[in-house]
Each structure stands twice: as structure tokens, then as C-alpha cells.
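Okay, so chain A shows up in both of these, paired with chain B first and chain C after.
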Partner chain A sequence: MISLDRASLRYGPILGLSPTTFELPDGGGITGLLGPNGAGKSSLLQLISGLLPPSGGDVKVFGEAPFRNPAVLARLGLVPEGDRLPTGLRADRWLRMMGELSGLSGEPLKASMARALAIVGMADRAYLTFARMSKGMRQRIRLAQALLHEPQLLILDEPFNGLDPEARLTLMDLLRRLAEGGVRVLVSSHILGEVAQLTDRILLLFRGRLLAEGSVGEIRQLLDRHPVELRLTGEPQELARWAVEQPELAALRMEEGAIVVSVRSPRDILPRLQRAAAGGQLPLRALDPLDLNLDAVFQYLTKDHA
Partner chain B sequence: MTPAPTPSAPSPLATLRATAKGYAPRVFQARGWAVAALVMVPVALSLLVYTVAHIKGAEGRPYPGEALKVFHEVLVKMMLPIMALVAAPAGIREDLEQRTLPLLLVRPAAVWAYPMGKGLPWFLWGAAWLVLGALGLQIIGGDPALLLGRIAALVGAWWGELALMTLVGLLFKRGTLWGALYFFLWEPFVRIFPPFLQRLTFTHYIESLAGSRAAEIQTNQLLAQEQVTTHPALALLILLVFGALCWALAGWKLHRTPIGLAGSEAEG
Partner chain C sequence: MPIYAPTLPPAPDLTQGHPPVLVLMRFDLARLWRQKIGRFFGFAFLLVLIVKLAVIYVKYLLDTNVALRPMQDFARTVLAHGADFQADLLNPTSYLLWFLVALVGGGLVARDTLYRVRPLMYAHPVAPKDYLIAKLGFASALPFAVLLPFVLLPWAMSLGVAGIHGPVWPTAPLRLLPALVLISVLMGALAVGASSMAATPRAGVGWVLGLVLGLSALAGMVHGLTGIRAVDALNPILLAESWPQLFVGVDHPLMGWAPALLGTAFHIGLWTFVAAKRTLPSEAVI
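For the complex of A and B:
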């Protein structure tokens, strides 16, 4: 569906995105695009959504270059970052125009508008002008305009910014439903927790470079030189005796009723731990990975590139 | 949700229609009424002066040159350019500055039709008030024989000036400033320009259509150069073609320019 081959983007002398290569397959699902502010997330999304042509390399969406390409644009929807909508217009009339600009008319347009407004929960408030809407309502309308023509690829740039917790959960639920229905959803965010709740598949960007691609676990496995912290709950003395014999051990800390170990190459040590516990050689009651989450991955990766 | 069959891209005509219809309500807001006032206030003031003079027992007919003066000195020289300077930034330039343009650019529509589509409601709105203004001038003594010419001159020039300002707004960051310099520095020189340069002003074509004030000028207002005229039909055609060309160039510029989420600064 999306394929980048050494695609880069320059803003004059400034490199917005270093040559980047990755592919996203056809079909539904959610992919998170992660990185701090200025990492190049918006640059990447602008290349994929056809707003900007690449300064170098190739960008293909649905097999074609997306810049000013109606064949591609008819199949994607974009929700840009920010709270920007044309001033002084009514939401329903503006949506009608956006639908017409997507090639819809007559009954199909009416049906699409009704469906998109129902999905975002704005069917009964679309007659309001943008100025009379709350930020959350405007965000829903911005999402509705992207859904009007039933895109196969939905791109959202920092969609959770400024939303209250309830609106965030609603939006997350909506994106999950769309993905289950066959839509490929690409969401950018600089808040790791948000994306972690939404998807396991991430693209990690930092300073214009694609640092890593894959699931959180896959990326974590790339970082064998960074120890993983595990809490082993059970008989601390016995557990510590077993742990110090393992070559992957980097550090050990005793806690009440548990030990916390830092280990390299968890892929090697975890099967051994499992066998020992199953064989009754180890009094292990629980195993908790302490830093196998997006925050830890993000901090490890960005520390290396900072 | 199963993705539906992809809708086909709208035709350029459908793009024009949708954009014009979608943005039409903008003309009924403050900026639109300011445009209307620019035409109607001078005409209404002239009418007021005429009415007061009539009540006070004046001869009942205004000074014969009053309508001509309001038309040439106020509407053409001042109000028409200001209307273009006020209305054009509410066109496609507004989307560029408010960063709402990406929402239009990711549609499969004809991008080159957007500037004209957004400008059409403003053209129609302004033209309606200009026609009303020209009719109002008849009350204070406008020559009925020149009415059609005046209307054609105002509407034709409005079409050209609005399109020019839209184009300038896309070409330059400070488009309004460049437009103001053109209208208020270059155009007044029409009185001293040689024939070739006279043809590079709106004033020349407006006077060709609506009639010149040359017959009325005093000795101290004698032209430095010979005043030329263009056949009225040709003058109108030139204004219309010039406007269409400006809309087309603005569309071409928008189509060719990569405009990102951050606005024009993000040209890649």
C-alpha cells in the first residue's frame, strides 16, 4: 500500500526527512508513527498524503506517486494536525463541498455525509458553524471530512492533541473499528502512551531518521545491548542464586519477595528461565518485564542518536 | 466498514461549482459587507447631498458632471482597487494563511480550479453591488446612454482586478502591498503615459468602455501625452481575457507549488 524507497524531504537547506525506506502492506490495521516534535513525522505524512513531492527517492502509495495524483488522493483521507478549519462556514455545508471535491454527488453524497457524521457522532450538530463548536467537535468534523469518500488509507497527524480523555478514548475506539473494517490507519503522535494503547506496530522517527520499524517487542529485541529489567517474584535467595549463574546478567537488585534483574539478550535467557521454573528448579511465582514498553524503547533509541 | 468503490475525481467544472457554492456564505460576513459599502457609501453620499440640495430649494438637478465625477474619481480610481485589495485575500490566499489549504489539496479535484472557484462568489457579490452603484448614479444625473458602458466597465474591471490580486497574492507573500503599489502608484500615471503604457492600465480600458473625462479637463490638467482609446467591445474583451488569464495563472501556480501543512513556508 505504501512504499518509500530512500525518500527524503528538504525545506530549502534544512533536511526534514533523511532518505527513508519502508513498506506498509495492503489491508487494514493501525500503524503508529512515533517521535518527538521535530522528528520528521509530519514530513513523512506529507510525502505519503501527496502534499509534498519527495526531494529525493521515491514515494509510492497504491503503486503510484501521490503528489497531485487524483487516482491516489481519491483513496486516502488526511486529518492534518491542529485545529484549523475555514472560518465562518457551517460544518454540514463545508462537508458537502469536501464530498463534492472527492467526486461524490447526489444520493451517494448524502449517504456518505450521513454515514461519516454518524461515525464521528456529529449527526445532530453538523448544522453549527465551526466557531460555535468545541475543539473536540471540530476534531470530529475534521475526521468526518477524511472519511467521506471511504478511504482505504487514513492518515492522522497528532489527532489526540487537545482532546479531553473521553474524546481520546472515543477516537481510539473509532480508529480501531475502522482498522478492523479494512482501513489502513496511520497515526502520528509524540506521546508514546497514546500509540501504545492503539497499536503494537510502530515506525519510530527521530531527527528526520527512521530509527526502527516493527512491533514494540521486535524493536526491543534489536536493542540487545540495552539490558531489559525483569522482576522475578518468588523466593529471593533461590532466584538470585540462579540469576548470578546466567551469562546475560548485567545487574541484580533484591526486593522484598522478589528480585529485579537486568539482563542482556532476553531472547536467550527467557526460555531458560521458563524451563527452570517449569522443571521445579526455580521457585518463581511471577515474571514482570519492567521496561518492555514504548517509553523504554523510545528512550533507549533516542539516547543512542542524541 | 468495508471500503466502498473509489469515487471518480470530479471534473474541473464540478470543482469550480463545488468550491464556489461551498465558500459562497463567506461573502455575507463582515468582509463582504465592507466590499458592498465601498461601492454604496460614495453613491449614497452623493444621493444624500443631492436630496438635501433639492430640499433646500436648489434647482432640483445636480451639477451635470457629478455622476461622472463620482464614477471616475471615486468608484474607478479608489473604490474598485480597494474592493479588490479587500476581497482577494479572502480567496485562496486565506486558505494558505489559515493553513486550511491542505484539506483542499488532498482531494482528487482539479487544484488549478480552486483560486477561481473561491473567487467567483466574491466576483458575483461585488459585481451585484457595482451594478446597483451604477444605477444609483443615474439618479444624480448619469447619462442614460452611458449606463451600459459604465456597468460593463465596472464589472469588467472588477473581474480583472480581483483576478490580478488573487494571482499576486499567490505569487508574493505581501501581495496586498504590491497590489496597492500597482493601483495607487502605477495607474495614476496613465495621464502622462505614452500610448503603449496607457494600455497597461485598467483606467485606459475603463475609460474606453465608460467614456473619458478628457472633454471636461481644465487647461492645467492637459495630458502630457496623446490619450488613446480602444474600441469598447475590444476593451471589454481584453478585461475579461486578462481576468481569465490571471485566474488560470493563479491555478497553475497553486497546482505547481508544493504546499505543506505549515503553509507556504513548507515548500519542499
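For the complex of A and C:
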């Protein structure tokens, strides 16, 4: 669906996105575009959504270059960052214009508006002006405009900014349902927790470079230089005695009622640990991986890159 | 409010819609209509139009009514006649029209900049040239629509009451309509160019007024200092007032054909270029 081949973007002398290569397959699913502010997320989204041509390399969406390509633009929906909408304008009038710009009119436009508003749960409040809407409601309307023409690719730039927890969960639920319905959703965020809640598949950007692509687990496995940290809760001395005999052990730290071990190749050591615990040779009560989450992966990758 | 699971109906037909230029122009028209500023300007221009029509009737009476013969000499000194009268039909309170263009046109692009609407539009099948044509078209159509009755109604009334020998020449529309087109495009280009440089609609109004009045003052100063009349071509107000005079052939127009042509081409070209540059997708970043 999306493929970039050494695509880069320059803003004059400033390199917004270094030559980047990746592919996203056809079909539904959510991909998180993760990175701190200034990482190049918006630049990447601008390339994919056809707002800017690449300064170098190729960008293909649905097999074609998206820049000023109506055939591609008609199949993607964009929800840009920000909450600025014409305050005095009624949402339904704004939606109608956006639908018409997508090529809809008449009854199909009415049907599309009704459908999109129902999906985002705003069917009975679209007559309100933007000034009378909450931030969450405005975000839903922005999402509705991107859904009017039933796109196959939905791009959202920082969609959770400023939303309260309830609105955030509602939006996440909505995105999951859209992805289950066959829409490929690309969500950018600089907040790890949001992306971790939403999807396991991420593209990690930092300082204009694509650092990693894949699931959190896959990416974590690539980080050989950073052994996985496991907390083993039980009898610390017995656990430590067993741990130091393991060839994968890189470090060991004693805690009260537990030990924390850093191990290379967790796939090798975990079956042995499981067998020892099941066989009663090891007084293990709990096992917690400490750095298999998105935060840890992000920290490791960005630290290495810096 | 429940969230409904999306279904997968057949994709909608996206080929039945109107061209983006028309969609954008209609949206701006609807927005202008809802703003209701047309009430004040509509009243003001209607008043001017009624006065113009009354003058035509008075001129007709002066020419045909024997009882009014003694007043003819006085009327000739007070009222414009001949080519000057034809040209004057298109100059209904020039500053008021510029003010209307500034108020409406100043916000056309600036509002989209403020609310970041352009990235959304360009993420639809809307090319930057569609956007530019729509904005220029709407900003030009506004003065055209305001001034059109000032050409057609006096002409129709003159023909109706006095036939081909009435105060308004039978061929006046043929001369005034090209002038009207030039004036409208000049006003539209300047308004859109100025609006594209502003970050808010209010700033856009300021930009338009600042450019119009500033250029007028500048041209007047340079003219006064150097005595070169051609620099008046920088003055958009004088340009707009010159074109009807040139087309109907008044004896002493405000400026000649060459300065008027060069000045108008300069303004239209410059402000269209500025607007085109300022509304590129790269200026409409997410």
C-alpha cells in the first residue's frame, strides 16, 4: 500500500527526513509513527499524503506517486494535527464542502455524511458550530471528514493531542474498529503510551531518520547490545545461584525478595528457566520483563542513535 | 453516544461531484452570505445606483421637457455629460468598493491559513491552481457583481425612456464591460495577494487597505516630487478609475493607455504570483 524507496525531504538547507525506505502492506491494520517532536513524523506524513514531493527517492501509495495525484488522493483520508477550525462555521457545512472536494455530491454525499457522522458518533450534533463543540467533538468531526469518501488509507497526525482520557479511549476504539473494517490506519504520536495502547506495529523516527520498523518485540530483538532485563521474584539467593550458571547472563542485581537479571538471547534462557521452575529446582514466584515495552525500546534506540 | 462499527459498502462514486473551483467559490459565497455584511454595502450601493438612475431621468427631462430648458445651462455645469458621464457610471464611490473588496477579499486566503484548511484541501483531489483560481475568481466576481448593475441598469433605463438618444450611449456596455472586467481582476488579484500574506482575516483586511492606500500615497508623492504622471500607474485606485475613462474615450483621462496597461498588468501579475507562491502545498504544511 505504501512504499518509500530512499525517500527524503528537504526544507531548503534543512533535511526534514533522511533517505527512508520501508513498506506497509495492503489491508487493514494500525501502524504507529513514533518519534519525539522534530523527528520527521509530519514530514513523512506530508510525503505519504501527497502534500509535498520527495526531495529525493520515490514515494508510492497504492502503487503511484501521491503528489498532486487525484487517483491516490481520492483513496486516502488525512486528519492533520491541530484543533483550529473556523469557529463560527457549522460542522455539517464544513463536512459538505470537504465531501464535495472529494468528488461527492447529491444523495451519495448525504449518505456518506450520515455514515461518517454515525461512525464517529456525531450524527445528532453536526448542526453545531465548531465554537460550541468540545475538543473531542471537533476531533471526531475532523475524523469524519477524512472518512467521507471511504478511504483505504487513513492518516492521523497527533490525533490524541489535547483529548481527555475518555475521548482518547473512544478515538482509539474507533480507530481499531476502522482497522478491523479493512482501513489501513497510520497514526503519528510522540507519546509512547498512546501508540503502545493502539498498536504493536511501529515506525520509529528520530532526528529525521527511520530508526526501526516492525513490532515492539521484533525491534527489541534487534537490540543485541541491550540485554533484556527480567525481574525474578522468589528466594533471591537460590535464584542468583541458578542465574550465575547461565551463559546468557550479562548482569545481576539483588533486590528485596527478587533479583533483576540482564540476559542476552532471552529465547534460549526462558525455556530453561521455565523447566527449572516447573521441576521445583527454582523457587520462582513471578517473572516480569522490565524492558520489553515501547518506552524501553525507544530509549535504547534513540540513545544509540544520539 | 454509541460508536458504530464501520461497514464496508461499495465505495462511493467520486466522479459525480462538481469541479473543486466551483465548490470552493460556492463555499466562500455561502460564508459571505451568512456574514451579512452585504446588508450595509447592499444598502450603500443601492443608494448610489438609485441616484445614478435619478440623474439619468433628470437628464432625460432636461433634454425633452420645454419647461426645464432654462435650467439646462446650470445642469451642464453641475452634471457630467458625454463620455465623462458614461465613464462615471463605473465609479460609484470607488473607496467604498475598495473597502468592500478589502473586507471580503482580505479574509479569503488568510482564514484558510489561520485554520490550516489548505493541507486538508490539498489532501483531497484539489490542485493548488484550483485553489488559486477559486480565490481569484471569487475575489474578482465580487466587484464585478457589484458594478454590473451600474452598467446595465442605467443603460436599460436610458434606452427605455429615451431610446438611442438617451443620456447613456447605446454602445456603453460594450465599452464599460471590458473596463469592468479589468477593474474586477485588478481588485481580486490585489485582495487575494494581500490576503495570502496575512495570518488572520483581520490582518488580511489590513494588508489590502494598507497596500491600496499605501501605494496610492506613494504614487502621489513620487508624482508630486518628480512631476512624472506615469508613476500614477502604481496607484490601484487611479488604475481602477482610469479604465472606464479610457474605454469610453474621455478627453482628459487620469492616465494614458500605456501606463494603465503596464500598471494593471504589473499589479495583476505581481499579486497573483505572490498568492500562488503563498498557497503552495509547501506553505500549507501540516
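Assume the second predicted complex is superposed on the first by the 298 of 306 C-alpha atoms of A that agree within 3 Å, B and C clash if a C-alpha of one lies under 4 Å from a C-alpha of the other, contacts with A are read in each partner's own complex, and residues count from 1 in each chain.
Everything that follows uses one rule, which is that a residue touches a chain if its C-beta (ideal position, glycine included) is under 8 Å from a C-beta of that chain, and two chains touch if they have at least 3 such contacts.
Just so you know, these numbers come straight off a predicted model, no measurement behind them.
After superposition on chain A, the partners chain B and chain C collide with one another. In the superposition on chain A, contact is made by A:Gly50 with both chain B and chain C.
Judged by the touch definition given at the top, the superposed model places A:Leu9 against chain B, while chain C stays out of reach.
Applying the stated contact rule after C-alpha superposition, one finds that A:Gly27 touches neither chain B nor chain C. Shared-chain residue A:Arg93: touches chain B and chain C both. Looking at the shared chain after the overlay, A:Pro271 reaches neither chain B nor chain C.
Touch criterion met: A:Gly106 reaches chain C, while chain B stays clear of it.
Contacts of A:Pro80 after superposition on the shared chain: both chain B and chain C are touched.
Comparing which residues of chain A touch chain B with which touch chain C, the overlap comprises 11, 42, 45-46, 49-52, 68, 70, 73-74, 76-78, 80-82, 84-86, 89, 93, 97-98, 100-105, 108, 119, 145, 149-150, 157, 177-178, 181-183. Of all the residues in chain C, the ones that touch chain A in their complex are 1-9, 11-18, 20, 23-24, 27, 30-31, 111, 114-117, 119-127, 281-282, 284-286.
Looking at the complex, you find that chain A touches chain B at residues 9-11, 16, 42, 45-46, 49-55, 67-68, 70-71, 73-78, 80-82, 84-90, 93-94, 96-98, 100-105, 108, 119, 142, 145, 149-152, 157, 177-178, 181-183. Of all residues in chain B, those touching chain A in their complex are 1-4, 6-10, 14-15, 17-19, 21-23, 25-26, 29, 94-95, 98-100, 102-109, 111, 255, 258-262, 265-268.
On chain A, the positions that touch chain C within their shared complex are 11, 42, 45-46, 49-52, 68, 70, 73-74, 76-78, 80-82, 84-86, 89, 93, 97-98, 100-106, 108-109, 111-112, 115, 118-122, 124, 145, 147, 149-150, 157, 170, 173-174, 177-178, 180-183.
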